[in-house]
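Alright, structures below, take your time with them.
One chain, chain A, appears in both complexes that follow, with chain B as partner in the first and chain C in the second.
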Partner chain A sequence: MLKLPLSRRVIVKALLLGSAAPWVITSRGFAATSCEDHIVRIASVAAPDTMNPFATWSSFWPLAFTYDFLVGVDAQRYSDRKGFAKEWSVADDNLTWTFKIWPGMKWSDGQPATARDAAFTYEYLRDSVGKPEELNVGWNNTSGLENVESIKALDDETLQIVTKIPTRWPLDNWTMIVPAHVWKNISYKDARGSFLNAPPLIGTGPMIVAEFQPGQFVRYSSNQYFRAGQPAAAGMIEQLFSSADSIAQGLKSGSLDYGAGLTAAQYADLSNDPDIAVGESPIEQRNFLAFNTSSEKGAGSTKALQDPAFRDAIGYAIDQMAIVKRALRGHAAPGVGLVMPVSTDFYSDLSDIRRHFDLAEAGRRLDAAGYRDNDGDGVREDKEGNSFQLELITGPTSGTIEMPIAAVQLIAGWLGQIGIPVSVTQLDSGALKARYADPTNGGGGWDLLVGSDWPSPAPRDLLNLGSSKVSGTRNRSYWSNEKFDKILAELDVTVDLKKSQQLVDRAARLIYAEAPYIILCYPFLLEARRKDCFDSWGTKDAVSQWGYFPLDRLRPHNG
Partner chain B sequence: MASTQIGSGTSQHIGRIITRAIVTLVMVATLNFILFRIIPGDPASLLLGGARSSVTAEQMVAQQQNWGLDRPLFPDQVVDYLWATLHGDLGFSFKFRGRQVTDLILERLPATIALVGVAQLIAIAVGVMLGLYAGWRRGRAVDHIATGASLALYSTPSFWLGMILIVIFSTTLGWLPGYGAYSPGATIGSLGWLPDYLRHLALPVTAVALGLIGQYVVVARAAMSEVVTEDYMVTARAKGLTNGQMLMRHAFRNAMLPVVTLITLNLGYVVAGAITVEAVFAWPGIGGLTVEALNARDYPVLQGIFLLLGASIVVANLLADVAYGLLDPRVR
Partner chain C sequence: MTENIVQYSPRGRARAIKGFLRQFLSHGGAQVGLVCLVFFLIVATMPNMLVGPLQTAINATGDFLVPPSGQHLLGTDEVGRDVLNLVVHGARISLTIALLATVISLVVGTTVGMTSGYFGGWVDTWLMRITDFFFVMPSFVLALVITPVVLEVMGRGGDILGFRPSLFVIIVVIGMTSWSFVARIVRSQTLSLKERTFIDRARVVGSSNFGIMVRHILPNLVPQIAANGALVVAGAIYIETSLSFLGLGDPLQPSWGTLLSLAQRAGAASAGAWWYLGAPGVCALTVSLSFVLIGNALDDTFNPRRRAIP
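On to the complex of A and B.
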């Protein structure tokens, strides 16, 4: 009989190790699931790279919690939400803007935060224009500053921006106001690249980045000098994930207070948990089918893609309602025009010209436009006599909610039914970006693209999908239209909201009729929060995607 | 005289292995460079932002110039890369805005070594013992159970095992944390840090170790099953040796040869980590860095990581060759 080589010494060692296990398992030294420490625990599917707002597009939340925008989206939408400026106005000439900065505001290190810091931030950017190290690679960038005549701090509480043309840029820019006493000694070369702005940061937001561990978490401390009073929460931890699975599990176990970017299945599961409140927030994302309209280098496999009548006919073969119900399980609004309903200031109701799903009508329109099945093989031919075989490329876009592949399969199925076979190529975000890049940068050669973007609610941004200036980056279809570009140019020099709305409506109707894009849906952001640790989440969208609200005003439960 | 010849033979054998390893490493370095440039995707456009940014063609060109991506691939970029690598300079990260690749890798390496290293040690201890015992008791119930369970574990994706472990031990029972390496705010090296770190390490280590245990059991069992049928084992039994003496003096040593090879080769994968397990547990190791770098087409970081992985596997192979040569003179 075999004897296991177990000596008395081995047994004692095993017992000692075993006795340590409960201590390790039950160690409360750093327990992550307690409400008692009053720390808000949130989660995001994100990979921040640096805390330097001049060098990154990837660290939005850490930076937005720390630094304020001068005005920003939230301050324009809600009266109880503000940024670096308390109030603002524009003179009758529509060129001279005056911003009143919060009196007595301080940076998180106790130094006064004044109009001079705001002026410094804009001047710092403006001075870099035209230099080899121009600051144009992050949230704080020089875009729009070409239209600025002067930026002056009239006193500690008054900032004046004079523009060369009437423009809403002073309200809509995405510049995070940084402290002059930190940034005045940073060279443009460093600000653009190697300066990491290592924590602890110095900002005016409610939660200041105190520690950043790439790939793990961002830890925030509450700002004792926050203009509305130190937040009631003791601090915040943003846990970084590469998928939403861990977020759902973290919410269920109680180790997270808030998580966004959930899938429909996770949302349904969490909605059954009595300790968790779920929500779906309309956001500015739009998912679309783009046609490669290029007629030169990088053109698609058929000239039909350049024909508005062909694209219009395809529009009748897309059932947006079915995409919402079947692919997104109802967590989206069906797509129509370029502007999404949540962007209330500029939303265009296109119901009078809206296409309705009708495969027979799509077939009739294709026939009428000259794209028939002449040889009776079930596949239509283009005007050159070639049978259609379109390549549809798709994949995730960084920073947006991923479109389920089921939507692409539905589209391919409908197009197949009207005699236009489609082969689907699925790519990762980097490869997709390379394929839809401007043909001069090596992109093109595809036919259809299912993708998404998430513009800001600023009118220019909403219409960029059709702007020839950003072809191959924001404009995925390479569509170029003089009339559309002219409207955009007019919009750029318009301050009046009503006139801006009219211009956006004209542009939205024009691009809808020309159909370089078929808007598929406007997905909702699925989010969930636990009820047991914090109150005052509010009734608006649970957490702003454009700032830090309402995390600045959360109160510990019964605290 | 005879010992000198043996010594010279061993030296030549090791010399050949080292030369082969160096050539392989140079090939790995060159392939690294080519491989990541074949993948579609332009780092400049990825650096210039996500879905909310507006980017012009001029900005794109400026970005390419900034990171030297506008220069010809051959010879400029490839020669620079090989020359710098030879001098231990792995370059600067695109995504992490100019940080040294070496620093980034060294920051993440300890977490991966802790995860996969501990998992390997557990798997070697449990898997090898269980496998040898199953082989020794071939055909008995313990053999059937150990072999069946091992095959099931071996064929189960470790990330799926990880998810199941999270659901059971983190979400349902609440015993252990399901993500991260330590609680935010903990001071690394402080008294409370170690138990906190071990709590975080427990589930990912288990997920990786379970898969490896299956692998070791299968190999060790097969080796032992072969050994027990050898003539010298029958002779040993005929000489009146006990089971324990036969196991420890004859069977164990002979069965360990393929097991030692597997252990040595697996050591090469300690730094390769477990990318999917790291993703499931948000473990801040080399796997997570690889995913982030891949998404950003961060060529220098990817090159650095793959060079490290290639080197560790080449070195592990080298050690396996040397060990094999020392253990079995017929190999020399």
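On to the complex of A and C.
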């Protein structure tokens, strides 16, 4: 009995060692063997909720690997990335679109995937228009279908879409093509909500969702019927994390092959690792400073916000280069107009009308516009004689890269230097949305907003920031301008790229001069991948943000 | 009205204080706590003399996330500001918030506790039910809910009593959510005190209720209030740090919690920037620990079981 304490200690030690064993085994030293199973391991900060593309906006990533778009963004930008359609053309009337579907394509269950499936998907959506269960709550939605005259599968390989007006919607819609033999039995009510589309899914993409655990992971198996041949990777696991810290750790330890949405600090840290390649991928996100230009309900604390001269003067007090260098450590392009540089078809640097950073000039312009500091307390007064005290609200927008708070510190600092004190309120994404909602829906009452959005590169979406039709949702500043709306209306019925470019340029110049927004920067998506397991990642973007590239062509390293 | 307070002779009072200090300082924890506290109080009173004016993103000069070196003793943050500078300026904000919130909490707690204990009856019942509400409600959750609402109502502009409204709100919210513990203790002590003969004596000579409470009961409560006050400060620092960590603080005035929040959002943990997370974390820990140590030592010193009952 005397020996009992000793043996107890031994037992405790053994327990401790035993509990440490899983740690040791999963540590970096042993992780190298994980390449053997040829499974791609990626991670994202995301919260997909259902695998039903008609019922959710937040499951883009799992679904984009499994389903194809008819054309989509990547297919218009890169000749080697295609969607459901192999090629497409439009007739001279700009109304009749013909899409050639890949011959012999199959769904992942082996059934033929034809133009009829694509026609079914669009018809399925279109038939719901006007019904109480209209399918307008998810990624696959009815918007734009009101301009469509007919959708027909001429044969298995030819899809014809005839539109009522000239529109690029047939190319610029992000509807995921789903198999008719699964969805024909689903009622609209179920498609809108309760139908979970439980894995394994049936799609035409390279990676098919095989298992989905909300908040934990998505497991994919490679599609043996993929049109370009079964992908070399045996499958994929997507870890769902709530912060980028876990992604950075996973990449370092070797338990992840790819992760995106890193912070600048993590990027710098990972770039020192010889096994890891980091990249900054230009995306469509733009970060902006918006003014509350509403003059009625929900107006800001001063009428100056409604004065273009005031907003223009503020534009001279914002140093986009400093924001890029200081706050984003160079991982962004400095902001100019509504269009971001990655949208090469429409981007313009507006060099002839561009404002430059000059606090003295900002002060002169404020003086000239009648916003002087008359009582000498260092704070300017507006035309009603009240001292300025602007409330700036900021917060993350779900689905975009978070803006470092240092950018807000910079803006508040500059405005303070020209005699316009600013107080800052940080909100979460839901509360921010409620604040910038249209005043008729309870929003408004703020003065300045620092936010971000990530529109699609379709010209209409690029300009939505100034459209009075989406005031309080996409248009955060409540700004409305008849000329601008007219250009948008014209753009809606324009197919010709050259003419679209001219219209976008006119609109971008108009809104730049009126300055309801000061565009701060176009941030890059910071991503990192390990080199030891797979090759043939993308060069500009390691993994596309608009489709399943490069999972259709990843090859095991040395394999 | 007769002045009925027992007047100590000056020498007697000095001896009493000396005795108290000797007993108090015989606790090792109290010594450590006092030294830390005095250090941080000095730091908080003259940040500009020690590290110069507060660095902002505009006048930051350093490189990004540089490890501690001769030039930057505690390294730099993700926008190149000196972490030492931020932590020292943060000390002022964190300590101000914690101390003022404690004052509010002690004033409210003592008032409620003493009133309810002294008067008893329905006053006691009602005040204690209100106290129970704040007692069972986790004060942090309550603060989390109240803070954005109050900020919404009051707005962030201007100055309230020399504070930015967002700081003022945090002070008030912490103060108003952490008084229930004090109220309970004060009430129980009041219940025992009001049965003592010196209270009867005061009543006989015609002192008003208010007079009795302030002149006779309150001085006897000071030990309990002081000991608990030190513990409340520690709690207030935690709550302030947590609220700011969750982004409810003022991003333009860095408290330790705001710094921790910025560090976490910048990914300092996974990028190996231990100094950025560590500096404000250790400061918050040290200060709240020293308050706890002092509070415990005060409690031991004043413990009625360890002193002769008068």
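The working rule: the second predicted complex is superposed on the first by the 525 of 559 C-alpha atoms of A that agree within 3 Å, B and C clash if a C-alpha of one lies under 4 Å from a C-alpha of the other, contacts with A are read in each partner's own complex, and residues count from 1 in each chain.
Basically, a residue touches a chain if its C-beta (ideal position, glycine included) is under 8 Å from a C-beta of that chain, and two chains touch if they have at least 3 such contacts.
Quantities reported herein were computed from a predicted structural model and do not represent experimental measurements.
Engineer: Quick one: chain B and chain C on chain A, clash or fit?
Structural biologist: After superposition on chain A, which the two structures share, chain B sits beside chain C with no clash.
Engineer: Calculate the angle at chain A, using C-alpha centres, between the directions toward chain B and chain C; round to the nearest 10 degrees.
Structural biologist: Approximately 40 degrees at the chain A centre.
Engineer: In the overlay, answer first, second, both or neither for which of chain B and chain C A:Ala412 touches.
Structural biologist: A:Ala412 contacts chain C only, not chain B.
Engineer: Touching A:Asp461 in the superposition: chain B (first), chain C (second), both, neither?
Structural biologist: After superposing on A, A:Asp461 lies in contact with chain B but is clear of chain C.
Engineer: Should A:Gln249 be classified as contacting the first partner (chain B), the second (chain C), both, or neither?
Structural biologist: Both partners.
Engineer: After the superposition on A, what does A:Ala431 contact: first (chain B), second (chain C), both or neither?
Structural biologist: In the superposition, A:Ala431 touches chain B and chain C alike.
Engineer: Tell me which touches more residues of chain A here: chain C or chain B.
Structural biologist: Touched residues of chain A are more numerous for B.
Engineer: Is A:Arg326 in contact with chain B, with chain C, with both, or with neither (first, second, both, neither)?
Structural biologist: The answer is second: A:Arg326 touches chain C but not chain B.
Engineer: Of all C-alpha distances between chain B and chain C after superposition, which is the least, in Å?
Structural biologist: So the smallest C-alpha gap separating chain B from chain C comes to 7 Å.
Engineer: Per the definitions at the top, what is the overlap between the chain A residues touching chain B and those touching chain C?
Structural biologist: After superposing on chain A, chain A residues 245-246, 249, 252, 427-428, 431 contact both chain B and chain C.
Engineer: Which chain C residues qualify as touching chain A in the complex?
Structural biologist: 56-58, 60, 64-65, 78-80, 148, 151, 155-158, 164-166, 247-248, 250-252, 262, 264-273
Engineer: Can you tell me which positions in chain A touch chain B when the two form their complex?
Structural biologist: Result: residues 1-3, 5, 23-25, 27, 29-33, 47, 49-50, 52, 55-58, 134, 136-137, 143, 192-194, 196, 211, 213-217, 219, 237, 239-243, 245-246, 249-250, 252-255, 285, 397-400, 427-431, 433-435, 437-438, 440-442, 452-456, 461, 464, 469-470, 472-474 of chain A touch chain B.
Engineer: Which residues of chain A touch chain C once you look at their complex with the stated criterion?
Structural biologist: 244-246, 248-249, 252, 262-266, 268-269, 301, 322, 326-327, 329, 389-391, 402, 404-410, 412-414, 421, 423-428, 431
Engineer: Looking at the complex, which residues from chain B come into contact with chain A?
Structural biologist: Interface residues on the chain B side: 39-42, 45-57, 59-60, 62-63, 66, 95-99, 107-108, 133, 136, 163, 166-167, 170-171, 174-186, 191-193, 195-196, 198-199, 202, 243-244, 247-248, 279-282, 284, 288-289, 291-292, 294-297.
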